[in-house]
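Here is the structure we will look at.
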Amino acid sequence: MSAAHVAVLRFPGTLDHESAARAVQGVGGEPVYTHHEDVALPDGTAAVVIPGGFSYGDHLRPGALASRTPIMAAVRQHAARGGRVLGICNGFQILCEAGMLPGVLRPNASLSFICRQAELEVADDGTAWTGGRREGEVLSIPFKHHDGAWFGDPGHARVVLRYRGENPNGSMDKIAGISNLAGNVMGLMPHPEEAQDPLLGSVDGRVIIAALIA
Amino acid sequence: MSDGPPLHRTLGLTDEEAGRITGLMGREPTDPELVMFSLMWSEHCSYKHSKPLLAGFPTTGPRVVMGPGENAGAVDVGDGLAIVFKVESHNHPSAVEPFEGAATGVGGIVRDIIAVGAKPIALLDSLRFGTLDSRRSRFLFRRAVEGISHYGNCIGIPNVGGEVQFDERYEDSCLVNAMCVGVVAQDRILSCAARGVGNRLVLIGNRTGRDGIGGASVLASAELGDDDAGKRPSVQVGDPFTERKLMDCCLALSEAGLLVALQDLGAAGLTSAASEMASRGEVGLAIDLDRVPLREQGMAPAEVLVSESQERMLAVVEPAKMDAVAAMARRHELDATDIGEVTGTGDLEALWRGEEVVRIPSRYLTDDVPFQDVPRTPAPVPVPIDLAAVPEPADPGAVWLALMGEPNVASKRWVFEQYDQLVGANTMRRPGGDAGVVRIPGTNRAIAVTLDSAEWHTELDPYAGGMASVLEAARNVACTGAVPIAATDCLNFANPEKGSTGWRLAESIRGMADALTAIDTPIVSGNVSLYNESPRGPIYPTPVIGMVGLLDDASTSLGIAFDLPGHAILLIGHGEPRVDASRYLGRCEGLPPRPDPAGDAALFRLLAECARQRLLVSAHDVSEGGLAVALAECCIAGGVGAHAAIPAGRRADEAMFGEGGGRVIASCRVENVAAITALAEGAVGVQQVGTVGGDDVSVDAGGSVARVGLRDLAEVWEGSILRALEAR
Amino acid sequence: MTMVVVTIMPKKGVLDPQGQAVQGALAHMGFGDVLDVRVGKRIEIEMRGHDPAAQVTKMCEDLLANDLIEDFHVEMPG
Amino acid sequence: MTMVVVTIMPKKGVLDPQGQAVQGALAHMGFGDVLDVRVGKRIEIEMRGHDPAAQVTKMCEDLLANDLIEDFHVEMPG
């Protein structure tokens, strides 16, 4: 059986596509780069990753310009059919700006960029995105962003991950990652693709990436 | 114009230099030509004061693939790959506009790496500001860090290390140095040498505006007969989004074999890029200025020639490949414009509105610079500190805590947390340790990289200070288990014609060269920044060294953190601590101990071998704040206490907080102590001085004991800079 | 209580990467009639005390605007 | 050619951390008469074609403003 194809989106200014692709490969998937001006996802796409970075230089509002590109219409259709979509960092911002996840990501309370290892608590173990991890279990995954404070109505989403301990960025209810109510679209500010390799400090991001093709 | 001083003086050329230009040209230069000479013959572009001295550096070795002279140096790291790197200053622009100055400093050094065809994999920054009780210095510091953060994060290159120091001497002249490291297949390394008569000259990237036009603005407003605000030079504004596209595009062009040569546009813009490319390739270049895409109207030819608009690269392309190049640029949403061609004349020509406004043999600009020897007036030899005159503290624990919170010693977390340290998913050792460790993508090898300078030592004893700068950088690299393989340097000095600055420059270079030779690490690239002084005085001489080390097996790298209670603590190395010029003394005074490069070379070999055999758990060099601070840092990083006992030497406080020598605090499992001692073969000192464990950290120096809770140490050390910034 | 409005725009001749990016996106979205976009800031300040406009002008010089790359304008609506 | 000006401000009731930070800094610098600061955007758009204001309003709805947190206002000066 051939590996499941995962579309890895690339916008001008996307930075984490290579690490995302490597992470997908690491869990047995087949990454396929897909560009912003494409109007359709590659044939046989099983899931979509929107990696981190500074699409369009983060101008206007992070994710705003990318969320209006042609490929996002195709991603929306994929999600409407129940397909899985994972937005990481800038990808999360893009999903919110596209209206595929509720809320918006606002500047960190410190108004500066923060790069730090975080402990994330599984807040809802009912979605596919945390694999077999139970509520309350902790994942060590780094985050790095300037605009990572989620703001919105948590009632319109499932809160999947929360920062443990002190709130690092002023996010509402310490939210680090949410999914839509159906559970197939997930966005998070921390970077699971950078927690795949013991040499880099943690492998806790694997469950999240693996959920793309589970 | 007739009532003002002659144009050449306004442009900063001496009468003698102007005479020399007329002599070389055999006629009076045109105004644009004079502007080009003034910039290319400036210290910034020509190194007219420093080049003769730089010849003293060792620049060859079995690993050197490309030495100084190109955009960046390259060294062989196996698997057919080369690591490419360079450090550069952006001091003056950062003092004027710290955010954009620091940001465009990052942009500039990244383009140097791209010009070699290498993919950037790491950034570092070395910073100097006035003390944090100065409002202006706090502003410069905050904004410069934000500028680096903004630009570096947005282009997607991890920042893995650097340094920050605060001292009154940098109040008026802050230093912002940035280093970029890239990787390239050795058979894909690009040169900046233009070749092939008839080949096209292509400008890729942003449009050209009046950014950063120095002396040339004088000419422009004079020529145009008015000086309304719109014609004034403007500060360069960085555009990292375009830089990222430029980087992707240039690397794709190189990958596809579409480029003959590539060069970034930095200081003096098109003028310096074109003259470098022409004189390196021993060809001529003809530029049609009317084809250069402009952002503003009414720019004079001299302005187009020297504009420092950012995010631009100049390429030489065979005519048959022009379509493919244009297509690639379009794919990356960039302009690529044919602005001229390679000629056989050896001249740099510029055409404007169909008329020839410039024709200069390019070597006049690059090679016929009037070099100047700097005056070498030695400063008096300082007197060693009389220990008896330094009061012995009643409570060494309190001194220790205070030292941990001194901004120069304290954690620089506030700085490096604003940098993306991880993008690319190859960062194995993040900032906060001794050196950043980055896996070479697609291999099992890793490099360790650091930036360091010993400016106090260089002020007091420049030969020793030059050595100390090299050895401190190398020690930081060696502590990760890597073997130092090559270096780059950025010489930040005051006015070389004044006081003892010229002598300090020459002496420190001699010291660096001797240390580099002793530890077998050639210099492969570098940069000089002079005139860092104000009416209130010169900066400290600050030779910043960027050191690169290699780990053949990435999985053997070491960090600074203590791990498990019960592990043995070792003091490895040589030399006696001294209070002279230490942070404990708190003043740049005394006679710092002379470094021992041979001793360090042996230390580095031992550390690398221990790492290879996985005998050590951690290693951390003893630097600012001495042994007590180094020990505390290992404990904080590991979240575990420790106890160490050391001889008192001349006095307990000196043993705890004195600096100097080549000393490393390491930890290992107890059963490995014997093997490590055996490996040292008596050539390197290895002493077991304590044990990891507990909730506090203590040092016993010959019976005098300092003991502080780990939590207290961590809190003071980690929060100090933020507190200093928020206090007012 | 008075409301003072500060407008801060990139200086003429200074690169405005944000404006360029927004202009490009608008063109892609089919807004073909856009010729130029510049993005700046608007700051609304509620003031008491006297001569609020003069005070705010001072704030612009001291903090709010960077005169090397930005032009500012102070006005009191209404 | 027409210039259309868009003003985008944080919605009332939505926290404006940038405005608060500016207010704090101003207070530190001795501007004691400042009661409130809100920071938003000003976008200047050069347009051709007809009904530029309507076109720009559409741009605001489609892209320029995020109605969850921002209010926008379109005007044609002069």
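Letters are used for the chains, namely A, B, C and D, taken in the order the chains are written, and counting of residues starts over at 1 for each.
Here is the rule we go by: a residue touches a chain if its C-beta (ideal position, glycine included) is under 8 Å from a C-beta of that chain, and two chains touch if they have at least 3 such contacts.
Just so you know, these numbers come straight off a predicted model, no measurement behind them.
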If you tally C-beta contacts across B-C and across A-C, the winner is B-C
Distance from subunit D to subunit C - Cα centre to Cα centre, in angstrom: 9
Centre-to-centre distance between subunit D and subunit B (centres being mean Cα positions), rounded to whole Å: 40
Could you give the separation in Å between the centres of subunit B and subunit C, each centre being the mean of its C-alpha atoms? 36
Quick one: report the Å distance separating subunit A from subunit C, using the average Cα coordinate of each chain. 34
Multi-chain contact sites of subunit A, meaning residues that touch two or more partners: 56-57, 59-60, 65, 68
Touching at least 2 other chains, the residues of subunit B are 239, 241, 333
Subunit D residues touching 2+ other chains are 62-64
Using the definition of touching given at the top, classify the network of chains in this structure as line, ring, star, complete or other. other
For the complex, which residues does subunit A have touching subunit B? 12-13, 15-16, 18-19, 22-23, 52-54, 56-59, 112-116, 142, 144, 146, 191, 193-194, 196-197, 199-200
Partner subunit B, residues of subunit C touching it in the complex: 10-17, 21, 24, 66, 68-69
Sites on subunit C touched by subunit A in the complex: 17-18, 21-22, 24-25, 28-29, 39
Subunit A residues within the subunit C interface of the complex: 56-57, 59-60, 65, 68-69
In the complex with subunit A, residue positions of subunit D that touch it: 14, 17-18, 21, 62-64, 66, 68-69
